[in-house]
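Scroll down for the structure; my scribbles are underneath it.
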Amino acid sequence: MTRILFFGRLSDLAEAEDVSLPADVTDTEALRGWLSARDARLGEALARPGIKVALNQAILPAPAPVGPGDEVAFLSPLSGG
Amino acid sequence: MTRILFFGRLSDLAEAEDVSLPADVTDTEALRGWLSARDARLGEALARPGIKVALNQAILPAPAPVGPGDEVAFLSPLSGG
Amino acid sequence: MARIDARVTRNPFDPETEEAAFRASLVRSGALVAFTGMVRGEDGSDPVTALELQHYPGMTEAAMRERAEAVAARFDLEAVLAVHRVGRLAPGEPIVLVACAAPHRRAAFEAADMLMDFLKSRAPFWKKEHRESGPVWIEPRSEDYEDARRWDEGTP
Amino acid sequence: MARIDARVTRNPFDPETEEAAFRASLVRSGALVAFTGMVRGEDGSDPVTALELQHYPGMTEAAMRERAEAVAARFDLEAVLAVHRVGRLAPGEPIVLVACAAPHRRAAFEAADMLMDFLKSRAPFWKKEHRESGPVWIEPRSEDYEDARRWDEGTP
């Protein structure tokens, strides 16, 4: 299973879930496409500028391989303080 | 009477006093000279760079007339905070 | 290296109590700069009724510590404190406290400033304002990103 | 115009108690920056045993208020607090507290920074350190004057 998380504005559109990824979803970019195909509204939000992807709690500078046991988080623009 | 005050390093060398100024001491610069003539060590300290003169609690940009009822303060470099 | 205390709290916290304990721990500092951020309520015709703060448990705490370490590596500091609230907050409630203690005041000021800039746009927190007109997710303004960039290596 | 509270005290004061009262008075601020200056004791081989702070009664209070007003005229602030201790202080004791509250954090940071720069070299206080080797009058370093000049009109 792969854990998928959503934060900020994205968390209004999708719940955290544990999924078995299809065989062709092997990196974070393919995962984004797969999630977008399942839910057009979420897909639109994931395509917005400023969305970051974290793999196992580290923000990715570029798409990276993903598989069972990983935790992938889609992050709306950060806003603390 | 004119009140003379000393602050900071200068306060180690001279006490506050109320004086009747001689007739020829009519401005703050003459007052500095008169005090220096009375006490060479104080005079040396008053000649150091950074000494400011306040007349009636306002720092003077240049020598100013002084007379009975005035309060003149000689200020070592300010150091708060 | 400075002592670092970086925490996320779901419960309300008292900035002055935290600061007093922080100050009592100091032995070589002459300067302490503390920043407290509070939920602003009054804001024209559409006041904020609550602020909701989300974080990414685990990642957020690690990021706060990492940001605090970056600040401590840059300035001569004795200690750094960062406390960040999450959950649902009422107007006036403290959101964040950052305190930096240093031998000299310039380091304390700049360190607190830098750490706040980092927490504002580079730590995994998300803010949703509940207003009378409805909820609004808050995103950093372009000046928040610029503020944070001021501290980047090689930035003019 | 911001509310201003500028005070000289011969008695010890508690920065966090002052700050708590200051924070409780705020209605429109999202940011509070507080600077606390403390007597440094440890300083190599010749530690400070006491700090003596002199002021010019009347003139000092007026100057503190004037400096606080200059800061309030420059930034969008809700309130400014400045408390400055005089008399004989022990190592660790607070010397000065400056707190600035503003709707936005940049104004609060810069205002507190500016007010401290002004108190450091442009307010009538004098500091004498008592060290094991004897007493030393402290004068501003050239960087203290430069720090204060940063805020002058027309300075680049």
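Letters A, B, C and D name the chains as they come in the text, with residue numbers starting at 1 for each one.
Operating definition for what follows: a residue touches a chain if its C-beta (ideal position, glycine included) is under 8 Å from a C-beta of that chain, and two chains touch if they have at least 3 such contacts.
Keep in mind the model is a prediction, meaning the values are calculated, not measured.
Chain centres here are C-alpha means, and the one lying farthest from subunit D is A.
Work out the mean CA point of subunit B and of subunit D, and you get 27 Å between them.
As a whole-number value, the distance joining the C-alpha centres of subunit B and subunit C reads 49 Å.
With each centre defined as the average position of its C-alpha atoms, the distance from subunit C to subunit D rounds to 23 Å.
Among the residues of subunit A, those touching two or more other chains are numbered 81. Of all residues in subunit C, those touching 2 or more other chains are 37, 105, 116, 120, listed in ascending order. Across the whole structure, chains are in contact as follows: A-C, B-D, C-D.
For subunit A in complex with subunit C, the residues that touch the partner chain are 5, 7-9, 11-12, 50, 54, 57-58, 73, 75-81. Within the complex formed with subunit A, the residues of subunit C that make contact are 37, 53-54, 56, 58-59, 62, 84, 95-96, 116, 119-127, 137-140. Per the touch definition, subunit C reaches subunit D in the complex via residues 15-17, 19-20, 23, 26-40, 42, 92, 103, 105-106, 108-109, 112-113, 116, 120, 147.
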